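Look for chain A in each of the two complexes below; its partner is chain B in the first and chain C in the second.
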Partner chain A sequence: MVVLSAARWLRSRLTDRFWRVQEVLKYARHFRGRKNRCYKLAVRSVRRAFVRSTKARREKKRFLRALWITRIEAASLEHGLKYPAFISNLAKSQVELNRKVLADLAIYEPKTFKSLAALAQRRRQEGFLAALGDGKEPEGIFSRIVHHH
Partner chain B sequence: RYVRQLQRLQFLFSPTAADARGARQFVEEAAQDFARQHPDVVLYVSPRSGTAPLVRAEYLNGTVREELIASKTSEEIVQLITKLANQSGLDIIRIRKPFHTDNPSVQGQWHPLTNKPSILTVQGPRLQPQ
Partner chain C sequence: VPKTSLTSPPWPEVPKLPDPVEEAKYHAEVVQKVNGMISAGQYGRLFAVVHFASKQWKVTSEDLIMMDNVLEAECGDRIRLEKVLLVGADDFTLIGRPLLGKELVRVEATVIEKTESWPKINMRFRKRHNYQRKKIIMNPQTVLRINTIEIYPCLS
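For the complex of A and B:
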């Protein structure tokens, strides 16, 4: 015979509520207060935490770049150069190192960084001479641009 | 030469349970082909009644990964174990940095006295005033 709906004594019961709740609480375990234990509070906090983490990925790039710039500034001041002078003269000498690499060099290879600072300083002096001086090329010139074809 | 990181696969399912039907079909039909195609993986099949059918993968670095195969067809199980065979045993979490070195510094790591004149660090016999 055709039965269109189930009998009344058959009930559909939710049996894995525990695991559904744990799926959310496992991301809230390191939170402070009741939101690491109580599901109702944890749902809200976990959702906000995820939203903040997605938004923070764009901020992280800005934050790290600022950190690198601070470190390069500190390292170049140790060698007597300011950060804008260092970066601009390095770019004019066709040294295409980015700030991440420069910061790592400043920490782990201090002698290499010292030589880069000396290079920037020399290029700076040559720039001043070219602008103010008499037009004679100094020996061992660093300001000639290399063209790769 | 490529060394497969998967050491062994253990299939644990019961011979009578309904959700282990795909596992039984797999063992009957596709297990031999899989074993022939992957000669460096050992397959173990053992009966286990009363629990859900699962496949346990053990890797060369010791990690053991268990996957449920309840109510899966034979093709799905083949796909699953080929995925397990192509993995390494490293745990599947977010990699913090895509690089790692044991010797990060060749010239000596910077410390506050690297760029200071050495009169501050050198402790020799008492310097005579010249």
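For the complex of A and C:
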């Protein structure tokens, strides 16, 4: 006898509803309130949590860079230099250390950071001297500075 | 002549730099002293700043490093990390501009494990538009252990 469709008592029933619900609730167990127990509330909270974690992964890089910059600024102020002066003079002296490493050196290797600050300071002064020229008066009649004695 | 607001320029006065000849002598002395210290081995633990896998790492010996990509080397291979930016000990630091020479520093590392990261979840959701996408990403990771950092007295 050929049977083309299944008999009526063989229904396709959902048997693993428990595990499908647990898959979502396992991410919500540390939440506060009823959203750590009730599936309907948990689904929404878990979805928002995932979206927020994806966005936060991109913003973490911005936070960390701002943190490193704050730390380097504090350390260079201890040595008498401001952050823009420090970073620009280090870059002009062809020292290509990034902010993460500079912040680590400022915390764990104070002597090395002091030497880097001295290097930046020296390069800054050399830059000033190169920009100021010889200190003589400029040529020309109208650009001569008049001295009253 | 009394001082007015225009007697001196508005920028702060720059102190004069020391004499270049004397400076050169002083530099040569310092370089010789550091060379002597290196060849005598009077340094404790060395640390180095290494540029590897497009990131800079501050590294000592017996250090673990994990990078978020694949390395074409088997587990247990010894690797030499070139591209050293800075080497330091307690009394002296060697700053590269931007890199230090290969005959000066040698950083050795071993590949310990190559795994995948924990499953990170990427989810995009737009409200009121029935749009959500969930993706599970597992990046390959490699763990290196830095064995040694050596310096040789080749300064000039």
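Throughout what follows, the second predicted complex is superposed on the first by the 133 of 149 C-alpha atoms of A that agree within 3 Å, B and C clash if a C-alpha of one lies under 4 Å from a C-alpha of the other, contacts with A are read in each partner's own complex, and residues count from 1 in each chain.
Note that in this section a residue touches a chain if its C-beta (ideal position, glycine included) is under 8 Å from a C-beta of that chain, and two chains touch if they have at least 3 such contacts.
All of these numbers come straight from a predicted model, not from anything done at the bench.
Q: Determine, under the contact definition given at the top, whether A:Glu109 touches first (chain B), second (chain C), both, or neither.
A: Both partners, chain B and chain C.
Q: On chain A, which partner touches more residues: chain B or chain C?
A: Touched residues of chain A are more numerous for C.
Q: Could you say whether A:Phe63 touches chain B, chain C, both of them, or neither, answering first, second, both or neither?
A: Touch partners of A:Phe63: none, neither chain B nor chain C.
Q: Looking at the overlay, does A:His148 come into contact with chain B only (first), chain C only (second), both, or neither?
A: Only chain C; A:His148 stays clear of chain B.
Q: Examine A:Glu78 and indicate which partner it touches, taking first as chain B and second as chain C; both and neither are also allowed.
A: first
Q: Looking at the overlay, what does A:Val101 touch: chain B (first), chain C (second), both, or neither?
A: Only chain C; A:Val101 stays clear of chain B.
Q: Regarding the shared-chain residue A:Ser93, is it in contact with chain B (first), chain C (second), both, or neither?
A: After superposition on chain A, A:Ser93 lies in contact with chain C alone.
Q: Applying the document's definition of touch, where does A:Glu126 land relative to chain B and chain C: first, second, both, or neither?
A: second
Q: Between chain B (first) and chain C (second), which, if any, makes contact with A:Phe50: first, second, both or neither?
A: second
Q: Would you please give the residues of chain A that touch chain B in one complex and also touch chain C in the other complex?
A: 108-109, 111-112
Q: Considering only the defined contacts, which chain B positions touch chain A in the complex?
A: The touching residues are 104-110, 114-115.
Q: Of all residues in chain C, which touch chain A in the complex?
A: Counting only chain C, the residues touching chain A are 1, 11, 14-15, 17, 47, 49, 56-58, 85-86, 88, 90, 93, 95-98, 120-125, 132, 134.
Q: If you look only at chain A, which of its residues touch chain B in the complex?
A: So the residues of chain A touching chain B come out as 75, 78-79, 106-112, 114.
Q: Spell out the residues on chain A that touch chain C in their complex, using ranges where they run on.
A: The touching residues are 47-48, 50-51, 53-54, 57, 93-98, 100-101, 104-105, 108-109, 111-112, 115-116, 119, 125-126, 128-129, 132, 148-149.
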